[in-house]
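Here the chain labels run A, B and C in written order, and each chain numbers its own residues starting at 1.
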Amino acid sequence: MQKLQVLENLWYVAALSGELTDKPLARMICGVPMVLYRGENGNLVALEDRCPHRQAPLSMGNIIGDQIQCDYHGFMFDGTGACTHIPRQDKIPASMGVRAFAVVERWGFVWLWWGDREKADDSAIPHLPWTEEDHQRTQYFYFHVKSNHQLMADNLLDISHVDFLHKHSIASKIGDTEKQTEAPKVTFETTTEGNVVTTVRKVHNTLLAGQTAKWHGSEGPVTRISTGRWEPPNCCILKLQFAEPDGTINETISMEHIMTPETASTCHYFMDWTWDFGGPDGYPTHADVDQEQRGIIDGDDIPMVEAQQRTIEQFGADARDVPVKQDLHVSSVHRVLKRMYEDAGMTAAAEVTRMAAE
Amino acid sequence: MQKLQVLENLWYVAALSGELTDKPLARMICGVPMVLYRGENGNLVALEDRCPHRQAPLSMGNIIGDQIQCDYHGFMFDGTGACTHIPRQDKIPASMGVRAFAVVERWGFVWLWWGDREKADDSAIPHLPWTEEDHQRTQYFYFHVKSNHQLMADNLLDISHVDFLHKHSIASKIGDTEKQTEAPKVTFETTTEGNVVTTVRKVHNTLLAGQTAKWHGSEGPVTRISTGRWEPPNCCILKLQFAEPDGTINETISMEHIMTPETASTCHYFMDWTWDFGGPDGYPTHADVDQEQRGIIDGDDIPMVEAQQRTIEQFGADARDVPVKQDLHVSSVHRVLKRMYEDAGMTAAAEVTRMAAE
Amino acid sequence: MQKLQVLENLWYVAALSGELTDKPLARMICGVPMVLYRGENGNLVALEDRCPHRQAPLSMGNIIGDQIQCDYHGFMFDGTGACTHIPRQDKIPASMGVRAFAVVERWGFVWLWWGDREKADDSAIPHLPWTEEDHQRTQYFYFHVKSNHQLMADNLLDISHVDFLHKHSIASKIGDTEKQTEAPKVTFETTTEGNVVTTVRKVHNTLLAGQTAKWHGSEGPVTRISTGRWEPPNCCILKLQFAEPDGTINETISMEHIMTPETASTCHYFMDWTWDFGGPDGYPTHADVDQEQRGIIDGDDIPMVEAQQRTIEQFGADARDVPVKQDLHVSSVHRVLKRMYEDAGMTAAAEVTRMAAE
């Protein structure tokens, strides 16, 4: 696939908060091997994962206080990437340092600024306050995916696949599968404001099935409302609600699906699933959500997206997508990306979005 | 190795008849990922293995009647590759289709026409009527091989390796192995007519050993007659017979070994083994033949050919073959291939046949 | 990493003596697949691992007397690479031969001359007589390493890593790990004569720990003397001694660590460990040494060096080393290598040694 091109001066999720401890975490972010850790004072650190002395990965070393010590020759580095100690040597060469990245912990995720450090601006981090609200429960997930980050994100920008790919878990009831003889009416509306694309999609008067029926907990028809908000680089903020005929909404599920490039053909997939029903201990429990979501994502989505990636690699330039009406949300996001890549002087848009040449 | 170049307007075997069912079969043929299936009406279908909507492999979907439905968004396609159904959308875009290939089922194999569809001509399929004769039994095989298709085919075009590579199974008795002190006399005759090369090779007055002795079922010396007919692209039609001193022939084994390119360095190997002795139930049974042939081909031939492939890749242009007298059949086929590749404006002959530059 | 460039007209170790038997050994040396064996007369043979007839690896064949027979068609070759026998054919084509390499068995290693055969000169083989002395015991090792040969050699040219990477096995006692609060004084002296670089490094008045304490067998402080002699292409001759306060030396360990390129990013690592203490049967026994050294090399060194290789491949040209004072031995060897590569018209020095551009 294409060489990795990464849009700059944006926040990318590098890890879940719970992943960072006083043990080094090695992870390639945006094509750069990094070591991430939480220092003794609680500060988060993200460095290039190499000792400048002999290129040993710092992630094989140990955290001592707020610093990391290379396991090969004992050199130590602080959170700015500066070398603070060379065994048996007082003078530290000026070039003995590694690149450090700005990181901020918020909403249960660790956000890394990819770009000019002085431009890093916390206020540009997506706003996800429901993950901290008392009446909500939140479960976090990390998945590794062998596909380009945008291909995985496209899956989340596209709700129409739910009735097919997830027919055994979270689909609505649509009659016989191949012809959707009883398929309920669907309406949707997409708006683009600046670099943010939002879609509200309603499946009217539908019967729920599988897990959705269990979450909702009642028999009759509802309006299934999916709200999707996409913010660059690749944060998909989804809400799923079931409205009674009288408009009452008793369940809201908020989900963030956030993709970070690892290489041009692999990515990190961070997620939370936040729900406001079932009380503090009722169904679904954290364990229920964990099992259900892993079944759907590991069982359905990731195998499909990884298969798309292989197909695209095998067919090469012949594999241009043919969009249909229901792809309006995906297509709108692709148009924003096209503009952003072009503004950045990057050529990746055609490959990343597989938009037909116009 | 070389980039894959495939001779056009020829029939390639894509599958055994028994492999095609109402479940999709994913297989790369001549460098193209394909999905193959048998529709409800018995018709065989071969399509590019990708949904033009979003490049999901169709082979992950389901067969419904004579059509295939993509598992990602429910799009359906018929045997011509045309899209027949898009969920929640009436109008089907003109470009929503995939390439379909002509396929014909004959002699227990599924033949795929690689080239201009309008030129597809059933009468050009090799004639293998013995596979359907009442007094014969036929056992079919499929092998995947990590070598160029021609390298695997060359193995079948070359009977002289039998006494060495297969010394524990189907060799004749030749005295001490290294010097063949009791090696019987061998004569052979090769003729090329158009693109077909035929060789008759006789080992005179030889004692059989191993499995050949069991097939023949008698002790005394025989003349072992091997007849090989090669038709492009790579169908090796072999007959093995044992002639008594008075010329009587009691056993004829007909074998087809047919290679189809997968990539430039891997291929599909289809085979049948048809025998006219032992009655309907006697030795060798289908199970005997299955076990014996897998032992020979999986145990001896494929490891050797895959090792040749690796050696050729490692040594590159230095690895030109030095042919000897017994290679007349192989060399004659290589000359036909050289002419066919040149006529097609392809440069693959030198790499595929590793003929020394002249 | 870089394409493989190999310095010529030098002896490379191809195998341990004990590895060569009357069964063929397949091994890629300096980028060339070779077959190595010991003929009936005891002569060692090293040939390109391919039959010139059809490129079958000779290593799949059998040794018959002093010759090797290809398993595919029974062709035989002698130790000069000449074909001596073609089944059913009297005349042997002039081109039916493979390249043979000069090999000499000495000090328990098999040395292969890479270069012009007529320049091969036994006297240029490193002199390792202690491996044959009666009062010494010697244990031999072979390791396969997924790193460039020089990166693995650099590990042996650099004693300063012992206190960190081997802190659980052969480090000296240095107080708290991160700051070496009780770290003893170290002195070292490096001399370059022609292409040979020698360093004597002394750790003064140190307490031993772990295995070194067990080898020495006494409690008090000693001077730990490491002598390293490097000869091209990559023979690291190390001696480790423990001197009592009065200068008495009771234990000498001689180690050869010799690297041979396999590919640009993999190598062979041959080693002996020779010790003059413990009597003929006392600690450490051959089994002790085998277990201890495998623990250190397989457990510490090879994982670290393979990780460096991956880091260098990932970071590319950004990964230039920043040398420090203790790297004098490594740096001196790199300067010799730089000159040797330049004299040979090769560009590999910068990549192999990762020296910063000057």
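FYI, a residue touches a chain if its C-beta (ideal position, glycine included) is under 8 Å from a C-beta of that chain, and two chains touch if they have at least 3 such contacts.
Treat the numbers as computed from the prediction; the structure is a model and nothing was measured.
Because chain A and chain C carry the same sequence, their contact can be compared by residue number, and under half of the numbers here are used by both. Summary of the copy comparison: rotating chain B onto chain C for the best CA superposition needs 120 degrees, to the nearest 5.
Measuring from the averaged C-alpha position of chain A to that of chain C gives a distance of 47 Å.
Of all residues in chain C, none touches two or more other chains.
On the chain B side of its complex with chain A, the touching residues are 28, 33, 48-50, 52-57, 60, 64, 69-74, 76, 85-89, 93, 95-96.
Residues 154, 158, 160-161, 163-165, 177-180, 183, 186, 303-304, 307-308, 310-312, 314-315, 319, 321-326, 354 of chain B touch chain C in their complex.
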